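You will see chain A twice below: alongside chain B first, and alongside chain C after that.
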Partner chain A sequence: MSSDKKPLNLSLTRRAVLKAGVATAAVGAAPMIIPSKAWGYANEPSGSTVTLGFNVPQSGAYADEGADELRAYELAVEHLNGEGDGGMMSTFSSKELKGNGILGRKVEYVTGDTQTKPDAARASARSMIEKDGAIMITGGSSSGVAVAVQALCQEAGVIFMAGLTHSNDTTGKDKKANGFRHFFNSYMSGAALAPILAANYGKDRRAYHLTADYNWGYTTEEAVRTSTEAMGWDTVAAVKTPLSQTDFSSYVAPVQASGADILVLNHYGANMVNSLTSAVEFGLRNAQSNGKNFEIVVPLYSRLMAKGAGENVKGIFGSTNWHWSLTDEGSKAFVKSFGTKYGFPPSQAAHTCYVQTLLYADACERAGTHDPCGVAAALEGFEFDGLGNGPTLYRAEDHQCFKDVLVVKGKENPSSDFDLLEIVEITPRDKVSYDASIFGGELGACNSG
Partner chain B sequence: MLGLNGKDFLAWLFVLFLVAAAPILLNPFPEGSAFAQFNAGYPDLMQRFVIFGIFAIGFNILFGLTGYLSFGHAAFLGAGSYAGVWMLKLLTINVIPAIIMSTLVAGLFSLAIGYISLRRSGIYFSILTLAFAQMSFALAASVLTPITGGETGLQTQLGDPRILDAAATGGNIPAPSLFGLEMGHSWKVSVGDWLWTFNAGYYLCAFIMLIAFYIAIRIFRSPFGMMLKAVKSNNQRLGYTGINPRPYTLAAFVISGMYAGLAGGLMVSMDPLAGAERMQWTASGEVVLMTILGGIGTLIGPVLGAGLIKYSENIFSKINDNLLHTWFSFMPDGVENFMVTIVHPFVGKGWHLTLGLMFMLVVIFLPGGLVGGLSGLYKRLFRRGSHAQ
Partner chain C sequence: MELSAILLQVLNGLDKGSAYALIALGLTLIFGTLGVVNFAHGALFMIGAFCAVSLQKILTISFTTIDESKTDFLGNPAQIHTPYVEKWFGEAVGATMIDWAVPLAILLAIPVMLLVGFAMERGLIKHFYKRPHADQILVTFGLAIVLQEIIKAYFGANQIPAPAPDALIGSFDFGVLLGFDPGTIIYPYWRIVYFLFAMVVVGAVFAFLKFTTFGMVVRAGMADRETVGLLGINIDKRFTIMFGIAAAVAGLAGVMYTPINSPNYHMGMDFLVISFVVVVVGGMGSLAGAVLAGFILGILESFASMREVIQLIPGINQVVIYLAAIVILLARPRGLLGRKGVMES
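Entry: the complex of A and B
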């Protein structure tokens, strides 16, 4: 029956191979529609890596802080992946981190430039979430940016670990369930500074405020005003200055004629460097007013700013979240590994960003998941130590960390380029705590995408 | 078709194809491959492509047709954005009223500014618009902080009234939506190693952009458009023939202002935040760059220019040293570091440098912009082909 038929040709022709190949490819590549909720949560890592998004200012008034933040993030990633000396992982009171990434997944990161503008920062964060699959966004050196990006993360269903942002709003009226802040805030600065100012400059002073014109400036001015007025100071005037301002002489010129004898610079980063320099050029530091020495106060201080302003910072009071000269084990370990890698000590911005990355990783480990809701639950009410600020609480009601605040002063005789600030007092945590409801705002519910 | 001549209809179909297939076209590299960095097919960037496309199309109606170079168009984009956010805050989270309102507000605003600025032409007109835009920026950034949110930006809040919406929000700020379809909603389709994201918000923007593009073609080909071209070629002669050009230029100015407002309204519908810096003169300059890069007075040029600028802004700016090291890791150590040092200034925060170089090259070698260059190339090829025959 089959003998009269042609024998079956088993040799493969080019056409047959092509056909088979196309058919296989078609089957293998059949489109797979993934509904947006197929995953348990937004950007759930599926492979052996997990991506974090580091969104810092690389241009604008806060670029120096941004660069230092990025160094700290890179260091934290190294330590989480088990490279380097481990830094604060060994001094951290929680021992979940083992140097094998987060939940066994190697940590990778993407970076972006916020340009210190809310619009640009959100665009950058969105591309990290949508394109690179970042599961956590961290960074920001401006509260305007932090508030904007925090709202975006809430919407997108990822965790936001705020970097350097000092406005009350971040965990006050604009707080969000997916957002967490380790850095201190304006209220705490005011509460810690006021007694020191009263002790040094007396209780009948007249203050003139120059304030950066955005949410951080507002809350800082308000906090310093409230706490100093409570001691008996007068506020002569409060003038707002644009964040992009670089020449402050027109703002400084009318200060002395106003009858003030204290100038409060609610400025940060390059703004503060420029306004302080202006004030010194106008001779305010040697001036007499109302029969007293004219004084300048900078509520939020950092080593980077002190370096930028040079000689001018000597003797000027301010507050800071952390300083590299602290001698607890955590701070020493961090300064050592940062110094080894980069050759100079870290700033407070670097410190808070490093700590936030570790805290996030640790919360993932303790929750056993990257799910933002799980991570948020693990961070809420978390009490820890060994990260440079002494015992610290992540308050559940507003996702704000409570810890000691440092009051610092520009050093009169600095021994090196980095030894520019001296710690005047460490204000204990209970002196700077406040009721979570005083700033209004609602956390809302956690969102996992 | 649709009242367009064959060539224009083809151009419109071409744009239709481009925007409809953008999620696939813009993701040419498989996920996880070394070139995945250059994929642009994610919702945020695709939305920006079409939104700035609308902005540039509108700008081109003024600049391309009448030759009046406005350096203040970002003010209309910003005004539209603020109007849009306020609609989302006060009225409803549905994006339709926001988009309509932002177009209207920008139209009114441009009527006022245009009425004054168009009393002068040439460089004086440019300076006037620039001054108005900077004034608007200063107002938005500080004086009008209660309305605009100042440098913090204007956002939707949990406590907003939203009088048309039911109060049930489940503890979270509702996301902008089109009758319940959230703008951030995406359908992901994976084919082999490729992952394509089809985003609801993007397709809304794309749909509106096609309408905007269609209207622009009709304007270009209408008697009104002819009159605008007459303004550009010889304003004086137009005056001598007894025609007052000002109503025409003002109409063009308002139309392009409304396009800018529409773009602003779409921007906040996709991402409900308006910052003052989108009114700054750099933003106004950007749309001028887009139009010149793509080709002044061409229909499709501004869209291409907008795409090119937004692509470099979002893709080049995200390349960091770490990534460069992985790219050049196949080279010996010394050479690798050398290459990284060479490339470093052009990526990351240095993407402006890359853009500047591109702009210089285009202006010097392709005075007609990308479209001029492409059509020149086409003509040359075609002519060579006919010679061969």
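Entry: the complex of A and C
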């Protein structure tokens, strides 16, 4: 029996190899995320439920902060589905949310562990989008994670509602059309803190910065330096410290002899707890320099960090996005709801995550669709109130929320484990606003998948 | 660069070096006696620190009363928590006990760490004596992860402050003592205590090995285990005790370190890699080498953190220990005080 098939030619030419290489590269360069896209947009819900993806650190150094974020998300889902006391839904200026889920669909959720590592966070977000059909991803406690996951969500065509991320870059040079941030940023911290520092410590001061050696540290140092130097302060030195550093004594010890009379700790989390502990240990809080009392400043405070630092935070200024002791109706409703369910007040991370979930749901209702481009359009330029920070704008140009910023101080006589910070000043939003173009970056076009 | 700045960094290096030396001493003891590369040793340091945290929590176990005149964050009558020790021993004595929780934790840490050491050695590590070093590293590293996850599950991931007693908070001005301007060489009291404590522990371990019969047998076993066994001495039992002692040394280093860095579940891992570098630089199996290398590398790390040095060589603060290790090992391949034949085939 004969065959007219040609024998398979296995010999490879240089041209064939090059073609194969180009084809492989093209496949590799194509979008790697393949969410389900039945009709119009990625992961469009077809049944009676809609799935949200909560991507928070469940392991690693920020696991406690992540646990508080998750509590807030669970509470938000309860409220959206009409369970519990409704929390901030009753104080929110928009009245679209009725407690019947989102667009009549019951809200369900899946969770992922960011591990506070960009790669792990992207992997867990990808899994929630591809396998679980999550239509929105939210959460996180790090700017590195936020920037990485935001880029992935842009690529996948889902909305990203950032959790705790403070770097200017998240809505600056790395901003994306599908990403939105409610939390404040380094620039706002600097702008809010500088006048208070000048009023309390004077305008003739010499500052020494210790800065965590990564993106957030740089933007925070720059923001605080710019704002304080504009007030008349002089910057003696700025030293970068490794993120893995645990004992800061060798960085703190030379500060007093440098001629500085202010130490600014551009550190967060364990870095902040350890550097502040070293600074207090070396007597800086009680020291005199240039004929003035030596002072320490922590630009970004969180209650969980303050708890780790213990008594060392007393009297030290910093800024925060929100605090449970605020007395507006929205904050009171949220603290009551959260405190009744969990037995302690929420952190600022919990607050921003809860608010982001409500804002997303409300945007879907106002847009009448889950389509990311419709939701993004509803969020852009949205003015709202009643969510704990006073009148707030989701600016269209960079997807950054503009609202009042709190300047806080470590409390001298705390009455409990969570009563560690006192609000010194609520800086109005016009004092912390800036031109959207100053941090560069392009939003690009919205992607629906 | 001023002399005062140099002296300041030498002092800084001493307390860092003390911690490295204590951990590396324990590692070397275990390696020298049992031949085991113990990657769980950092976890022992961490468990020691959590002995201090635990004692602090025990001493602050409180009974609750309601104060109708105050309200909590939800507007309910405030709960006032009063530690039982203040009720049982009086307010002043109870408050002093809580204040001195960290030094008192030494009394808790010694038996706890000995038990943990015995349990670790008898329960797991003895089954790996004849296995390759790679297996020992894997099993002890796995054990370290399990231990830190247990601590995290119980105490959480955040750091927990465990401050020094009020009497030892503050710093001493060495500058004035040495004729420099005030405030140029200041050094916290607790770090002085830590350095002296480390010296006492190191001295006690050396004295124990040098001047007791038990120590003499252990040293003989470290030199030639087989011959000591042939003499009818149960060297394994003694080595198990040495494992417990090594665990206690690491644990005590951890207890006293808590006021310097508020402990969290990860603190052991932070010290582990550097401690291994210290052991290798000091010379595998050399106790004196471990202590010497601990201090040298601690001081070098402090110098590399100086602003002037970082400006001269950016990034040097992150790699100085490893650079120093390379230089020392190139010049002395067996480490500073390493002996021929240890870890050599």
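What we mean here is this: the second predicted complex is superposed on the first by the 409 of 449 C-alpha atoms of A that agree within 3 Å, B and C clash if a C-alpha of one lies under 4 Å from a C-alpha of the other, contacts with A are read in each partner's own complex, and residues count from 1 in each chain.
To be clear about the criterion, a residue touches a chain if its C-beta (ideal position, glycine included) is under 8 Å from a C-beta of that chain, and two chains touch if they have at least 3 such contacts.
In this text, all values refer to a predicted model and were calculated from it rather than measured experimentally.
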Applying the document's definition of touch, where does A:Asn274 land relative to chain B and chain C: first, second, both, or neither? second
Would you sort A:Arg122 into first (chain B), second (chain C), both or neither based on which partner it touches? first
Is A:Ala151 contacted by the first partner chain B, the second partner chain C, both or neither? first
Who does A:Ser250 touch here: chain B (first), chain C (second), both, or neither? second
After superposition on the shared chain, which partner residues are touched by A:Lys240: those of chain B (first), chain C (second), both, or neither? both
Report, in rising order, the residues of chain A that make contact with chain B in one complex and with chain C in the other. 59, 240, 242
Applying the document's contact rule, which stretches of chain A touch chain B when the two form their complex? 25, 28-36, 58-59, 110-113, 117-120, 122-124, 126-127, 130-131, 143-144, 147-148, 151-152, 154-156, 169, 177, 213-215, 240, 242-243, 442, 444-445, 447
Under the definition above, what is the set of chain C residues touching chain A in their complex? 2, 4-5, 8-9, 11-13, 15-16, 70, 72-74, 78, 152, 156-161, 163, 169-171, 183-184, 186-188, 190-191, 259-262, 264, 266-267, 270, 301-303, 305-307, 310, 317-318
Within the complex, chain A is touched by chain B residues 39, 42-45, 48, 141-142, 145, 150-153, 155, 158-159, 170-173, 175, 184-192, 197, 271, 273-275, 277-278, 314, 317-318, 320, 322, 348-349
For chain A, which residues are in contact with chain C within the complex? 59-64, 237, 239-242, 244, 246-247, 249-251, 253-254, 256-258, 270, 273-274, 277-278, 281-283, 286-289, 304, 307-312, 324-325, 335-336, 339-340, 344-345, 415-416, 418-419
